[in-house]
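Pasting a structure here, questions to come.
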Amino acid sequence: MAGNTFGTIFKLTTFGESHGQSIGGIIDGCPSNFLLDLGAIQAELDRRKPGQSSITTQRKETDTVEFLSGILDGCTLGTSIGFSLKNADQRSKDYDKIGEVYRPSHADFTYDKKYGIRDVRGGGRSSARETACRVVAGAIAKQLLAQVGITVKSYVSQVGTVATQNSYIQLDLNQIDSNIVRCPDAKTAAEMETLIKVTKKNGDTVGGQITCVIKGTPIGLGEPVFDRLNADLAKAMFSINAVKGFELGSGFGAITMKGSNHNDSFENKGGSISTISNHSGGIQGGISNGETIYFNVAFKPVATIIKNQSTVDRAGDNVDFKGEGRHDPCVVPRAVPIVDAMAAMVILDHYLRAKTTQL
Amino acid sequence: MAGNTFGTIFKLTTFGESHGQSIGGIIDGCPSNFLLDLGAIQAELDRRKPGQSSITTQRKETDTVEFLSGILDGCTLGTSIGFSLKNADQRSKDYDKIGEVYRPSHADFTYDKKYGIRDVRGGGRSSARETACRVVAGAIAKQLLAQVGITVKSYVSQVGTVATQNSYIQLDLNQIDSNIVRCPDAKTAAEMETLIKVTKKNGDTVGGQITCVIKGTPIGLGEPVFDRLNADLAKAMFSINAVKGFELGSGFGAITMKGSNHNDSFENKGGSISTISNHSGGIQGGISNGETIYFNVAFKPVATIIKNQSTVDRAGDNVDFKGEGRHDPCVVPRAVPIVDAMAAMVILDHYLRAKTTQL
Amino acid sequence: MAGNTFGTIFKLTTFGESHGQSIGGIIDGCPSNFLLDLGAIQAELDRRKPGQSSITTQRKETDTVEFLSGILDGCTLGTSIGFSLKNADQRSKDYDKIGEVYRPSHADFTYDKKYGIRDVRGGGRSSARETACRVVAGAIAKQLLAQVGITVKSYVSQVGTVATQNSYIQLDLNQIDSNIVRCPDAKTAAEMETLIKVTKKNGDTVGGQITCVIKGTPIGLGEPVFDRLNADLAKAMFSINAVKGFELGSGFGAITMKGSNHNDSFENKGGSISTISNHSGGIQGGISNGETIYFNVAFKPVATIIKNQSTVDRAGDNVDFKGEGRHDPCVVPRAVPIVDAMAAMVILDHYLRAKTTQL
Amino acid sequence: MAGNTFGTIFKLTTFGESHGQSIGGIIDGCPSNFLLDLGAIQAELDRRKPGQSSITTQRKETDTVEFLSGILDGCTLGTSIGFSLKNADQRSKDYDKIGEVYRPSHADFTYDKKYGIRDVRGGGRSSARETACRVVAGAIAKQLLAQVGITVKSYVSQVGTVATQNSYIQLDLNQIDSNIVRCPDAKTAAEMETLIKVTKKNGDTVGGQITCVIKGTPIGLGEPVFDRLNADLAKAMFSINAVKGFELGSGFGAITMKGSNHNDSFENKGGSISTISNHSGGIQGGISNGETIYFNVAFKPVATIIKNQSTVDRAGDNVDFKGEGRHDPCVVPRAVPIVDAMAAMVILDHYLRAKTTQL
């Protein structure tokens, strides 16, 4: 009920405040007897970790995951997998002065009012640091999916007004990590990087968009009528900090389309049935149809800015406030592995759910 | 696991194929000893029912709900509420000929492959008829929410390229049902109606957008980190047939904004703390902050069109296909009460969940 | 949360008061494309129905199940299965006078206090009539289990002080329905029948015990550490009205045993591993080990007796009360199909859950 | 689905093999802003820990709990509470030789077959060591319950053939920890201690029974029809290692009783309604009625004995086997805090669930 668990069969439950002893989680329902590549899990964490490049926060955290159970000699036991990541670079003092101030567009106010108490150090539970645990579980999910031929690849498709003009079909998704923005369109990536740096210099932040592409999904994943594959993907994405929008396939563009243009005609091409267009985004009636699943996720600009803002403090007094400390000028480069992780967990969960459709 | 249940405390489970004996559901977790206005529930169903106006399908279904348990003399007993709606106008023969054809952008193909069997009459379980059950539960949720001062109001904000230029703040939400499009901007509504009629005449369909506005929500609804109020709203909306996009508050517009413009500063105005702008859409860190919650939902054009289309049949042969029967040229006017219903269920569910935050 | 759902993958949700319009339920997660024997489902209901013999209540209810969805030409569609049973012989007037009295050892008092309102006619939701819905779902589960070689057979092993001296191994479980008591030990069954009739004549009621025997369970069903197969069976049995005790395998007898006597040694007999004794009752560490699962369920005497009793009424006044109407002098003969049903649902649910242990 | 979570609102998810790096868990849904007595939590762990007395295993484990999140200065934050306990005294070598043997009445065989892999060191996940995590969560639950006037007290009522002749009403439950057996009947406790020591000397083990007494429960906890308070208690107890039986109130004794003796008459005594007898064990229709809840739990003798036994190894060969290492001759003295913990979690969970019955 309290919302710290995600998934139904492949389930992740997480804990941890940004400045507590550690953060971590428990993965339950991971298929047994599967040999994990533990290095690949850490590599995903490294894609998310702070301080990785000149356009991310300069906070230094190693984000090293330690597995506590459920894995023996790299092989899953079928039992619950406990893991933790130490909170290394806490610098609580940065936050002392802001303990009493409700930072604009942060969760300080809502946590305080909901719980009647709040860990003021670094956002506590509302910190994006919590997403590191998702990356761990998602990295495991990605490995299991790879075993059955499913790949999940996300990339930055827009930063501020700079957007790639190429669709996911035109881009080489193996180039996602070829630059620090994680946009596989080199020219656009360079423009994005420049925009982020200028924004940072101004003490400001900027929004962005991530596109996620899932290939190899078998036909039949997703449970009508409420737990549609698209519905669970939407929830997964909206559970990520700073997300403001989600659209699948034709998305908001579908509003202005006609049925005669939008419909995806089926075609038998040499014995294999597929659709000619894919406005559906690989999901029809909530169930995967075997085509590529693709969707966009909109992120707002990071709330922490190095500018004067007006707000109120805990006592209810109007006060001036200026953000300090280290923060990301744009969240999307580091959010790529988080989108990957959440998408992978949804797909794996539904892959396992689909196994129970037949006796 | 099989996806026919929505909610955690206030839970709806539904059943029914479009052309079976009846459809219906069970509401579990409805607070006890609450006097329902049964007429108001039927009135919500009437807003969704086919044949209600010249711009909807001309199928005639009365959609009369019958309550079977859980209510005594109009008062909730606290026990599970069973209800059903008879399937009146089935006309199964319309569907005989299409039983073997996978209609483009329908769920025929995915259901067949997932289950190995399918009720071909009218889409079976994938029919939007199923949403009538959601309207029943949602209408009950709306009454309970009204009791605690929360209102949920959705309206059509765009049909094809015709969009209202007024924000929800500028519109009079009491005028939603003053026209058959359900757009509370009379001039735009008239244009939308014209567009829908022209589209229908052409045997085509068109997409649209619904905006939902929720007022009176107390601070503190929503459970971090996965069951955020926005995440559950996103899932709720994406569980509705034909939905392709969801955005909260600033939505996709946040991509191009700067933090300095996007942040919602808090202000104490005469003892009451609120935000000056509301780009957050009433939710911060996954928790309601007391401001108005508002979001947009994008709907694709209805897949059934009266035009020739190519597709494949169950045997895998490429065939030509032309839709027949009665259908909606645009789904959004009838989808308004469905968006209302799903939103109301999410808010009520989280209202009840929040009661367990304190001992 | 409100407790009207049972199971995790194969899920039953029920509704209905004893004297409302009807009772019914929704089965979600039933494997698709399975041809049901609908007559066999009704036959199980007939084993539970009132008025079936001289030792049950003489109320007449046909308990005819009507399936509303999820089944086409007898074949499961994979979608949710809605069903209902009309409440035929309501005789609400019998209950008028007791509306204000809290009958001893009934749920009148607790329902009233919990919900602040209560359907006083016949116990409302607390009536054992609700178990008919379980029998429907359980009968479906039994058919699916039979397909994979699993059988569930319950019988009456004790009524008052009359107990069969034979273990389940010595009894012919095909003889369970050869007498109206449902004890497959003819001589003991006759004594039980006499005891029940004498008890009835005295206006009294008597307790009893049902033994359930499950054969053919594959190794590996049950999820440690909380959702052990035995834990879910215990919950299932204790969810049945009037149950006061549950013991698996050696049960309470294990208290006085030594490890050296209790341990079940494994033995390889011609290539097949089994245990020599089976004190474990077929479950070790919460997981089925392939041996026969057997357990006892203790039922209290029915609370409705035709004798004067003291109690209080809704106003809190001490009053005298004498039960009237038709009731069972002993619940166990009619509870046999209910125990069958709950056990079958648990086993099928875990059978489906076990499918997700491997990728 | 994989069974490592217990509860619905107050939820515990656990991880850990007996010989891994650590065991631990996450408590989700703990009410916020509650000041915990951390010392009292450790004190409950000390009641469960090995090596605490001459009649328990001599293994030395400190079982020190470390809280990782969700608590600030002893006060609950409302966020998930992560905790861990290091596995100190692992002595893996004791288990090397038994890795390939399926120990009789242990879970070696079933885990191996279910998962296709197993951590052979000390039972891995099936080890009773896992219950330490339950004690942590249960100790927190007990403190919250105490705040609302509810107490949970368990004691040893039988060891082998030695049983206290006094009911829970006659015993002073403050004396439970006055002896190492945890039977608040000094004379019987002495006999039990002697029996356990003799049994241990013989290299054997013996079964036992724990009685649990819950006072102060308000009327109205428990959710009909499946999640009855008694059903959830039954499941909770059967989720504990070595449990073979559970009975509430009159329990198996109800089988031989008449309704006229068994019924609990209500009585208004000076304005307060209670029952004269309490055969119901404080629960009617699945809902607490305000009377004392009491139940018995039967435990089998520990499976590890220092005697020759025949069994099979992983290759399927019949082999002789003799248990070694340190083990408990009787499980019940150390199981007392585990029964307390599971009972407290059930009651607290239903206490929180009941808060959602009213709007």
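Just so it is clear, A, B, C and D label the chains in written order, and each chain counts residues from 1 on its own.
In this section, contacts are C-beta pairs under 8 Å (C-beta built on N, C-alpha and C of every residue); 3 or more make two chains touch, one makes a residue touch a chain.
Computed from a prediction, not measured in an experiment: that's the story for all the values here.
Novice: So which of A-D, B-D or C-D matches B-C, with over half of the contact pairs the same residue numbers?
Specialist: A-D
Novice: So using the touch definition from the top, which pair is joined by more C-beta contacts, A-C or A-D?
Specialist: Answer by contact count: A-D.
Novice: Any idea how many Å lie between the Cα centroids of chain A and chain C?
Specialist: Spacing between the chain centres: roughly 46 Å.
Novice: How far is the middle of chain A from the middle of chain B, if each middle is the mean of its Cα atoms, in Å?
Specialist: Averaging C-alpha atoms per chain gives centres 26 Å apart.
Novice: Using mean CA coordinates as chain centres, what's the chain A-chain D distance in Å?
Specialist: 39
Novice: If a residue has to touch 2 or more other chains to count, which residues of chain A qualify?
Specialist: Residue numbers touching two or more other chains: 1-5, 8-9, 14, 29, 32-33, 78-79, 114-116, 125, 224, 353, 356-358.
Novice: Taking chains as nodes and touches as edges, what kind of graph is this: line, ring, star, complete or other?
Specialist: Topology of touching chains reads as complete, every chain touching all others.
Novice: Where on chain B is chain D touching in the complex?
Specialist: Within the complex, chain B touches chain D at residues 1, 9, 29, 31-34, 78-79, 144, 147-148, 224, 352-353, 355-359.
Novice: Which positions of chain D touch chain A when the two form their complex?
Specialist: Answer in residue numbers: 1-5, 8-9, 11, 13-17, 20-26, 28-30, 32-33, 66-70, 72, 75-82, 84, 114-119, 124-125.
Novice: What residues on chain B touch chain A, complex-wise?
Specialist: 1-6, 8-9, 14, 102, 104-107, 109-111, 113-116, 125-126, 130, 158, 160-161, 199, 204-209, 219-220, 222-228, 230-239, 241, 243-252, 254-260, 262-268, 271, 273, 275, 279-281, 284-289, 296, 298-305, 307, 309-312, 316-318, 353-354, 356-358
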